[in-house]
Amino acid sequence: MSENATTNANDNHINIYEAHEWKHPTKVAGVTWKNPVGTASGTFQYAAVRWFYDVSELGAVSTKGCSPVPWEGNQSPRTAEGPASNLNAVGLQNPGVDHYLEDDLPKLKAAGALVVANVAGHCDDDYMQVVAKLADSTADMLEINVSCPNVTHGGMSVGTDPVALASLMDKLRPMTDKPLVVKLTPNVTDITVPARAAVEHGADALSMINTLLGMRLDIRTGEPIIANKTGGVSGPAVLPIGIAAVYRTRTALPDIPIIGIGGIDSGEKALEYLYAGANAVEVGAAALFDPVAPLRIARELDDLLDARPELAAKLAAGKTWR
Amino acid sequence: MTTFTPTHDVVAEAQAAGFFPPRHTVEITDARALADRVMRLTFRDPFIASHAKPAQFVNLFTHDDFMLMPRPFGVSEVEGDEVSVIFAVIGHGTEQLAQLKAGDTVDVLGPLGRGFNLKQDANYILVGGGLGVPPLICAAQKIASLAGSVATSVIGYRDERFAEEYVSRHTDRSWSITNAEGNVVDLLNQLETSGDLDVDGLKPVILSCGPLPMMKAVAAWAAKRGIPAQLSMEQRMGCGYGTCVLCTVDTVDGRLKVCTDGPVFTREQLGWGE
Amino acid sequence: MSENATTNANDNHINIYEAHEWKHPTKVAGVTWKNPVGTASGTFQYAAVRWFYDVSELGAVSTKGCSPVPWEGNQSPRTAEGPASNLNAVGLQNPGVDHYLEDDLPKLKAAGALVVANVAGHCDDDYMQVVAKLADSTADMLEINVSCPNVTHGGMSVGTDPVALASLMDKLRPMTDKPLVVKLTPNVTDITVPARAAVEHGADALSMINTLLGMRLDIRTGEPIIANKTGGVSGPAVLPIGIAAVYRTRTALPDIPIIGIGGIDSGEKALEYLYAGANAVEVGAAALFDPVAPLRIARELDDLLDARPELAAKLAAGKTWR
Amino acid sequence: MTTFTPTHDVVAEAQAAGFFPPRHTVEITDARALADRVMRLTFRDPFIASHAKPAQFVNLFTHDDFMLMPRPFGVSEVEGDEVSVIFAVIGHGTEQLAQLKAGDTVDVLGPLGRGFNLKQDANYILVGGGLGVPPLICAAQKIASLAGSVATSVIGYRDERFAEEYVSRHTDRSWSITNAEGNVVDLLNQLETSGDLDVDGLKPVILSCGPLPMMKAVAAWAAKRGIPAQLSMEQRMGCGYGTCVLCTVDTVDGRLKVCTDGPVFTREQLGWGE
């Protein structure tokens, strides 16, 4: 068995198409997930993934960042490769919240998925418009993405400025009773600072990490590969950075639910996030290399938790290892 | 704006039978160099062999964990349950794939994307350049099995006619040219002059794959004559199956995904030659 | 040939033990390096490396961070592994500047090496004491490490605070005429901010990146692997992050010499840094996996530059690609 | 404080001959399971075979680019130009190494570290536990070739006597015990009681490698009796050849490097049992 579980989808003993009774649920901000593994925003499209597996089998699905109006995103090429990583600069292309409410969300709910609706914005007003429309939708949780490195206005700047983030949260919090998850960026000196700002201003949970700022050049031309020049790094390479972010945030904020993200490509790595203090995880780039990765990881983790009843009991009760 | 309607009919078919096969490991049955830094790789995969349509592609994955991203290649030929791709050695991924030998294994996902639309009875003119040839070989192979249509190939090579053998295996009407001799538009003009655009009363439909400047020139040529043209595009990809929006191309309908909205687009969609 | 050059030391065609005339020098802050490849601080010890190759063959050697008195560093275990990366938490163990001046430095100069003396400190005073002692040493350049994530006081905090960094530089600059290279951390929101502070307060060059904050846990115990808990991530995984740091700094500060560091394990990756705007590079973690990596990379790069006369000419003249 | 004086005499030897061999690829000549999750791997490497001393180690590297760090293993036996290591399957690295077969290749760097000091004529008592046995096999092999010394082995196993065959191949006086039966200090006490600490007038010198608690108990036992003890330590490593200071152990002389100041330290250096 290789350290890189994605390249060995066939070697492992789990048949994801076999019927499975989930044994180890988790609870995130009061919402029960049937298992601790969700998909990460931007690497899951219902229309694409439903051919590969039953999306209701996942703990949750975090959908693509959703803006008040359709966004066309950045020019292509939008992606490059790093050692054990992917770089992306989608620029939050999405068909807008109205389309989301008419099409994606009802289809996902009809399919039985637990939906974390990821919210994107260029300014406070954008976020408010989307949250207003999602407030009485069927979405189970809202994930406020203040951490995208690939848009010029807003996006990441809110996530790196605790004052701006607090003020945004003060506006969003009164708008909905749905659990608000704030998604944070690792591109800061100390992630516990925005984490604390978010929590003190009404976040019910945090998710981390979004992508790291990165870049590749083509040595055949000497020029950047991605049209946007820089992009966001994700995939196995970022694992230790995501683990440190979760661990340090857990230490600083013992009670806030945390969804751990970054570099997860196996049940073992998901488990490592749980030991670092996460209540649940989301799987991003691994789904690019292997469409069924999120479900495979959920199955692997479910089995690993069998031998860890203390951890499993804590998760089911909405508590964490640390 | 991306369309979210499933347009991928092979997937729909597969779904009817259960789920679509995930990434899996297949055995290489043949590997050969066709020219300097051009390889043909054949692997055994009954599902892909029985479902792949011309201009659909497969994602191949290297064994090197530094290179996790898919390497997409058009299906070039299907024989029984064996599938071939033809590719140029460009960077480290294709360098590594080029080292595979019969008996080795490789990970694959596919078939992916929307292939050429071959529903009409027509004289399909396959216009290809360089490594755009593989999907056209597949198209020629497919058209040869259609009762009402014929295929004419018009291929440009940089310097060496590496795929000639495979193209001509499936079509009687094949022309090719190297950069030194001219380009595919020269050949199209010759076809027009000699009255060979229509064959047995079948109207021409262009299927093209190759470098962007070539495809733009071909689209302009076709537009001027009102000839339909389907163009197979390339873009750097993240997933290849429609989940990441990393592979867009600008169309008159907005930024569409090359992987599932394409790779085949009409010249009207691309707004080329209008 | 694999993307991972380190695992293929034998596959490539370069015999590092063959005599070689260096073809492509570079100039960093007025100092000519015979080739653009140096070793990164903390992954080079003369006593260890001299058995493997002639250290005078390298562009430069950056020596282990040097403090006013001997430091014992952190407890063991000090290291863990990430996907395509290493985590370290040495905590700047070193025998102090006096030992450096008596032992390491004279031996390195006698061996013909171009020496970049890396300076460590817990507070401004520490840095000043070391720079005072190195000011009229035989060291060719001084590299001020304000970016170590593994010490509790000073170190990284100076590198993340442009005001503190400016004030430190105001103290160090008058102490020496030697070129001062300031080594920056990627653990900030915008690396061009400390970069600008350093340059405006007297830095002759910048080097980047130091390691990223990361962590691993052992899923057999659920506990952190490194005694210090968190460590610094380096190695191939960090390449895109280092490239982005250099590119963005080059764009913000067109004239400052930059030494690119992070994830270099092949001549091609060194070249990518030069295209991003670096004048030279340093090789760190790759030397852990392959002792001769820095020299192999220098040789690979020297050959790659043959086909790039414009870039090579710029480097030789102390200019950069961008 | 780290010593910067070269103490690695094999390296000095190698240097006289040119440079020390860098990381290089060698062929596996034999691979076998000795017990559940315990493997013995043999590879051909004339340089290591002719230079390795007992308790020196080699860095092995996996073929998986996710795992770049060295996996250090003590040399367990040398036969001609072949070198063996015996290792437990612990994590993903050793899992991958355990899959290697004769004919495969592996990357190696070595020999590394300072071995046991065998300069004195003595009854070397080899006290090992679990996966600390391999360097002791090597020591037994070496001592058998020394004119003035003899070896006595005292080995503790968790449950299975997996290395018994290799230990007893090189020494006539060998005892072993499993966890269920007792521990190595019990065996040492028996040796003392039966008057077998001295052999042919040779004084005992303890060479030990194994779990930390075992080595501490052995050091305390030896200290009480004024018997010299050399203990081979383990630590997570970055480079294995002295360049990164990632592998320290606390000694009375400060934090020393396990890789080049050790892995062998005396009980006095470690301050154990004083």
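Lettered A, B, C and D in written order, each chain numbered from 1.
Just so it is clear, a residue touches a chain if its C-beta (ideal position, glycine included) is under 8 Å from a C-beta of that chain, and two chains touch if they have at least 3 such contacts.
What you see is a predicted model; the values in this text were computed from it and never measured.
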| item | value |
| --- | --- |
| Between the pairs B-C and A-B, the one where more C-beta pairs touch | A-B |
| Euclidean distance of C-alpha centroids - subunit B vs subunit C, Å | 46 |
| Between subunit B and subunit A, distance of the C-alpha-averaged centres to the nearest whole Å | 35 |
| Rounded Å distance between subunit B and subunit D, as computed from the means of their C-alpha atoms | 58 |
| Chain centre separation in whole Å, for subunit C relative to subunit A (CA means) | 34 |
| Per-residue overlap in subunit D, given as positions that touch at least 2 other chains | 64-67 |
| For subunit C, residues contacting two or more additional chains | 2-4, 80, 83-85, 236 |
| Touch-based graph of the chains, sorted into line, ring, star, complete or other | complete |
| In the complex, subunit C residues that touch subunit A | 3-4, 80, 82-85, 87, 160, 187-189, 212-217, 219, 222-224, 229-231, 233, 236-241, 243-244, 247-248, 263, 268, 271-272, 275-276, 304, 311, 321 |
| Subunit A contact footprint on subunit D (complex, rising order) | 62, 64-67, 92-93, 95-96 |
| For the subunit D and subunit B complex, residues of the former touching the latter | 64-66 |
| In the complex with subunit D, residue positions of subunit C that touch it | 2-4, 6-7, 9-10, 16-17, 42-49, 51-53, 64, 70, 72-73, 75-81, 83-86, 88, 90, 93-95, 99, 103-104, 225, 235-236, 285, 287-292 |
| Subunit C-touching residues of subunit D, taken from the complex the two chains share | 1-2, 4-6, 8, 11, 14-15, 18-20, 22-25, 61, 63, 65-70, 107, 109, 235-239, 241-250, 254-255, 260 |
